[in-house]
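As C-alpha cells, here come the structures.
First chain A sits with chain B, and in the next complex the same chain sits with chain C.
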Partner chain A sequence: MNLLLQGLALGVLTGGLYALLASGLSLYFGVMRVVMVAHPAFLFLAAYLTYTVHTTFGVDPFLALPLTVPAFFVLGVAVQRLLVARLAPDNLAMMSVLLTFGIALTIEGLLGTVYTGSYKSVSMDYATRSLTVGGVHLPYDKIIAFAVAGLTLAVLFAVLVKSRFGQALRATIQHREAARLVGVQTERVAGYGFGVGLATAAVGGTVLALITPFFPASHWVWIGKLMAIIVVGGLGSVVGAALAAIVLGVVEGLVLVTVDATWATMMFYVFLFLTLLARPQGFFGGRLAHRF
Partner chain B sequence: MRTVSRGLALLLAALAIAYPWLAPNYYLVYAGALTVMYAAMSTSWNLLGGFTGYVSLGHSAFFGLGAYGTGLLVVRLDVPWAVALPVSALLVTAFAVGIGVAAVRVRGASFVIVSIALVSMMNLVVQGWRSLTGGSTGLQVPSPFPGLHRGETHMVFFYLFLALLGVALLTWRHVSRSRFGAGLRAIREDEDKAESLGVPTGAYKVAAFALSALFVALAGGLYALWFGSLDPIFVFSILIGSYMVLMSLLGGVRHLYGPLLGALIVAPAGEYFLIALGETQIHLTATGLVLVLVVLFMPDGILARFTRRRAGPSIPDESADQRLQGVAG
Partner chain C sequence: MARVRKALTIMSICALALTACAKSDEPGAAPPPGQQQGPVKIGVSLPLTGDFSEPGKGIQEGYQVWADQVNAKGGLLGRKVELIFRDDASDPNRVSSDYESLITQDKVNLVFGPFSSRLVIPAAKVAESYDMLFVEPAGAAAEVFEQGFERLFYAAPAIASDHYDYLADYLTGLPADQRPKTAAYASLDDPFAQGTAYGLRDRLAAAGVKTVVDEVYPPETTDFAPIAAKIAAAEPDLVVGGTQFEDSVGLVRALQELKVQPKLAAFSTGPTLAEFPGAVKGAAEHILSPVGWSATATFTGNQAMVGRYRELFGGAANEDAANGYTVGQIVEAAVNAVKCVDAAKECQDKLTEHIRKSTFDTVVGPLSFDDKGRPEQAHMIQQYVGGKVEIVLPEQARTAELVYPKQDW
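Up next is the complex of A and B:
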C-alpha cells in the first residue's frame, strides 16, 4: 500500500514535467499542424547547456534559465520561419515530421560530438534529500521539478487566455484563415508560437538535468513518451495533453514500483495503441484531431 | 525509350554481379554488400512509402525482428539457417499484419508517431526479455558458412542481398503495374475519394504494409547470419529506419530505381564518414542535415529532376479540364 502511494506520488511529480513538455508539442501542432519530433532533442540541448553553465560557473542550474529561455525563443521563431514555413503545404504532416526528425538527428549528433556519449548529470545538495509525508518519500528535486513545471504551465495558460498575443495565438489555432481575415498576422504569430514552445523546452531541459542523468541518445525515449501523451490526450488539445500527461505519469510511477522500468516505459506504448484502436482522435481531442 | 531503360537495367545488373570480382579488397566487398542490403531495404520500404505515401520511420522494427527471429531459431531451436530465414520473415509478416491493422487506422503525422513507437517498443521487449534474447549483451549467431573465411562470407552475402534486391525490385514493378498498385496510388492522391470509388483502402494498406515488412525482415535475417552478433540497440535503432526513408526520398519515391539510387549515394557516404571521422556521433548530424535539405528542397527526389515529371498529383489538372470540356461539348 505504501509502495503504491509512493508510486502515485512520484507519478504525479513526473507527470508535471510531462505536461509541460507535451504543452509545447500541442502548441506547435496547433499553430502549424506540425508534429515536432525534435522537441525532446531541444529539451536535451537545454539540459546540456544547463550542465555547461552549472559546471563552468558553479552556479545553481536554474540560473541557466535567463540565458536559455530567450535563446530558445529566438531559435523557435527561426525554426518556424526558416524551415517549417518553407515546406510545401500539400504533404505538410509527413514532411514536417521528417524535417523535425532531421533536426533531432542533427542535434543528437552535435551533442554526442561535443559532450561525448557518456552520462552527464547535475547534482545539487538539495536533490539528494527528500521530504517524508506519511511514509511516502518525496525527493526535493522532484518536488522542485513539479513546482517549476506547474508554474511555467500556469504562466503559459495565463498568457494564452489573458494577453492579446494569446488571443491571436488561439485564433490562429482555431481557424487560420478567419484569424487572418480579422487582422491577425498569422505568419508572425505562428513563429512566436514556435518560440514559446521551444522556450518551454528550455525550462523543461533545466528541470530534467536536475532530476535525471542524461546522454545524447536518450531523447528517443522521450519522443515515444511525449507522442503517446499527445495522442492519448488528442492532438492539438493543450488541456487534454496535460491531463493525459498526469494520467500516464501516474501509470508509469505505479508500474515502476510494482513491476520494473521496462514495463513502466512500455505502458506509454500500450496506451498509445489502445487509444488508436479505441479512439483514434484521442480522449480529449477536439475538432482538430479528426484528420490526423 | 523502353529498350534503353531495359538495356541500362541489364548493364547495371551485370556490373553489380561483377562488382565483388572487380573490388580490389574485401573491405570494399563488405561495403558493397552493406549498400546492397540498404538498397533492398529501402526498395522494400518504398512498397509502402512510395505507393501509399505513408511514411514509416519504424521499419527497423521489422529489420530487427527478422534478425532476432532468424538468430533465435538458429541458436535456441537448432533450425537450419535456410529454414529459419523464411520462417522468421513469415512470422514477422504475420506480426506486421496485426500491427498494420492498428497502425493504418491513423493517417499523416499519427502514423509516423506509431511507427516510431513500434521501434521503441520492440527495443524495450528485446532488451527486457533477457532469458530469451540475451538482453542488451546481444545474441551470437553461428556463421552459416563455417568453411569460408571472412572475406568469402562477405562475397556470399553480397550475392544473397543482391538476389533480395532483385526480388524487391521485381515486386515493386509488378505491384506498380497491377490493379493493387493503382489502388495504392489512389490512396496516396486522395484516400477518401479512393474509398468512395470502391478501393478497399484498409485491406490494401495492410497488404502493402505487410509486403514491405516481409523483405525488410528477410534483409534483417540475412544481416543476422552475416554479422553473427546482434546488438538490440543497433538493429532496433531509429537510424536504420530513417536511412530507408532518406534513401527513398533522395532517389525519388515514385520511381522504381529511386531508393536504389538513394542507397548508392547514402550508404557509401555513411561508410566514408565512418572511416574519415571514426566512431564519433557527427555522422548523425550529417544524416540529419541531408534529410533536412532533401525534405526542404528536393522532396520528389533526384530522379524526378531528370525525368521532368511534374511534382504534385500524378493525374494532371489539364486532363480533368479537357475531360470536362469533352463532356460539355
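Up next is the complex of A and C:
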C-alpha cells in the first residue's frame, strides 16, 4: 500500500515535469500546425547552457533562466520567421517534421562539437534529498520541477487568456484567416507563439539539467514520450497536454512499482494507440482545443 | 540540350562502371603472399561518430599508441605498421561494408575489431568469411561467442557474466553472520549490462543470498525514482546495478532520495568513468564497480602505454584505450611467434591457432582464451575510498582494503 502511494506521489511529480516539457510542443502545433521534433533538442541545448552558467559562475542553475528564457524566445521567433514560415503550406505538417528533424541533428552536432560527447551533469545538494510525509518520500528535485512546471504553465495560461497577445494568438490558432480579417498580424503573432514555445524549453531544460545527466544525443528518448503526451491530450491544447502529462506520469509510476519498467515505458504508446483508436483528436482536442 | 546532357551522364556512368570493373580485376597482378614489402596494413572500422563515438575514439587512440610503439621498435617483422581507420558511425550496416572494403580494396594484412558487441558481431562475420583473424577490444556480450566464430578473440580480462567474479568470491567467503542476506538487482535491458548483473546474481543466489528485487528497465527510462521505491520497500543489504552511465547516476540519486541505505552497492561501467563522482557528488564513496584495467597496475607495458598516451594525446588513458592497446599486444606477440603477417589463409590460420593455445602478457594482465574466444580471467573490482578510485580485489592487484559495509550516502 505504501509502495502504491509512493508510486502515485512520484507519478504526480514526474507528470508535472512532463507537462512542462510538453507544453511548448502543444503550442507549436496549435499555432502553426508544426510538428516540432527538435523541441527535446532545444531542451538539452538549454540544459547545456544551464550547465555552462552553473559551472562558470558557480551559481544556482535556476539563475541561468534570466539569460536563457529571453534568448530562447528570440531564437524561437528567428526559427519561425526564417525557416518554418518558408515551408510550403499545403503539406506543412510533413515538411515541418523534416525541417525540425534537421534542426535537431544540427543542435546535437553542435553540442557534440562544443561540449564533446562525454556526460555533463549539474548536481546540487538539494537534488538528492527528499521530504518525507507519512512514509512517502518526495524528492526535492521533483518537487522543484513540479513547482516550476506549475508556475510556468500558470504564466503561460495567463498570457494566453488575459493579454492582448494571448487573444491574438488564440485567434490565430482558432481561425487564421478570420484573425487576419479582424486585423491580427498573424505572421508576427505566429513568430511570437513559436518564441513562447521555445521559452518554455529554456525553463524545461534547466529543470532537466538538475534531474538527469545528459550528453548530446539525450534528446531522442524524449521525443516519443512527449509526442504521445500531446496526442493523448489533444494536439494544440495546452491544458489537455498538461492533464495528459499528469495522467501518464501517474500511470507510468504506478505500473513501474506494480509491474516493471518495460511495461511502464510502454504505457505511453498504449495510451497513444487507444487515443488514436477511440478519439483521434485527443481528449481535449478538436473543438474543445479552441477553448484551451 | 537536355537529351545530350542525359546521354553524357549515362556515358560517364558506364565509363565509371568499367573503370571499377577494371580495378577489381587487378589482384592477379599483386605479388604472391609472403613476399609483400612495404608497411603492414591493419584495417579497423570504429564508431568515431554517433552513439559510441566516445569509446570509439578511446579505442582508436589505444591502437595508435600501440602502432607508435611498435614502429619505434622497428615494426612487425621489420615492416612498419600502418593503421587504416574507417568511421562506421555506430551503424551495424556500415561496419560490415567497411570491413569488406578494407579486406578486398585496401588489401589489409590484418584487421582489428570495432567497439561494442552490436558492431563486433557483423564485423566478425565479414572477417570470418575472408578467413581473417579477428581480435576485438569490446564485444563482451554472451551473444558474441554464440555465433560460432572461429577466429574471434575478446582482448579483455572477462566476458560480461564474469565481471563480478572476485566480488562474488569475496561475499560468499565472508563469515555467515556478516554475509549480505538480501540483494536487489536493477539492470538496463542490454546484453552487456544485464550480463554483468546476472553473473553476480546467479553466483550469490546459489550461495543463499535472497534476490528481493530483480528489475529490468528499457534504455528510454528517464525516471529511476519508482525503481528505487521498489528497492526501498524491499530493504536489501546489497544493491547491484547492471548499468551504463546515466542510469547509474539516476539510480544512485533516486536511491538517496528514497532513503535506501544498503550495506554494499555495486554498479557496472558508470562508476569507472571520470564524470561519475561529479555527477553523484559525495555519494560515490564506497561504491564498487568491476574494472578491466587500472592506470596504476604494473602489468606488462602498462606504465609505458600510460606514459606514451599522455605524450601523444595529452590526457590520462582510459579503459577503452587500454583495450585497444591490448588487441595490438596480442596480435603483435602472435605475429612474432609464428613469423608471418599477411592476409593469406595459412598465415591467418597459424596466428589464430597460436592465440588459441597461448597466454599473453598484456596491459590488463595475463590473458588466455577458451575455444569460443572468451577470455578466461576476471575483472578487478574498484571502490571509491576516501574520494579516490582504489583497486580492492583481487588481492594481488589491491591498492586498498575493501570497505564493507559502506558508509551512508
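Basically, the second predicted complex is superposed on the first by the 284 of 292 C-alpha atoms of A that agree within 3 Å, B and C clash if a C-alpha of one lies under 4 Å from a C-alpha of the other, contacts with A are read in each partner's own complex, and residues count from 1 in each chain.
Everything below uses one rule, namely that contacts are C-beta pairs under 8 Å (C-beta built on N, C-alpha and C of every residue); 3 or more make two chains touch, one makes a residue touch a chain.
Predicted model only: the values in this text are computed from it and were never measured.
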| item | value |
| --- | --- |
| Superposed partners chain B and chain C on chain A - clash or fit | clash |
| Touching partner for A:S96 - first (chain B), second (chain C), both, neither | first |
| First (chain B), second (chain C), both or neither touched by A:T265 | both |
| Touched partner set for A:V221, first chain B, second chain C, both or neither | both |
| Partner chain(s) touched by A:G117 [first = chain B, second = chain C, both, neither] | both |
| Contacts of A:E108 with chain B and chain C, given as first, second, both or neither | first |
| Region of chain C that runs into chain B when the structures are aligned on their shared chain, from 19-27, 55-63 or 361-369 | 19-27 |
| Chain A residues contacted in one complex by chain B, in the other by chain C | 112, 117, 221, 224, 260, 262, 265 |
| Residue ranges of chain A touching chain C (in the complex, touch as defined) | 2-3, 6-7, 10-11, 14, 112, 116-121, 123, 125, 127-130, 132, 137, 139-142, 212-215, 217-218, 221-222, 224-225, 252-253, 256-257, 260-262, 264-265 |
| Touching residues on chain A, where the partner in the complex is chain B | 34-35, 37, 83, 86-88, 90-91, 93-99, 101-113, 117, 216, 220-221, 223-224, 227-228, 231, 235, 260, 262-263, 265-266, 268-269, 272-273, 276-277, 280, 291-292 |
| Contact set on chain B toward chain A in their complex | 53, 55, 57, 102-103, 105-110, 112-114, 116-117, 120-121, 124-125, 127-128, 238-239, 242, 245, 249, 280-292, 295-296, 299, 312 |
| Residue numbers on chain C that touch chain A, as the complex places them | 51, 53-54, 189, 215-223, 225-227, 229-230, 232-233, 245-246, 249-250, 253-254, 256-259, 273, 275, 278-281, 283 |
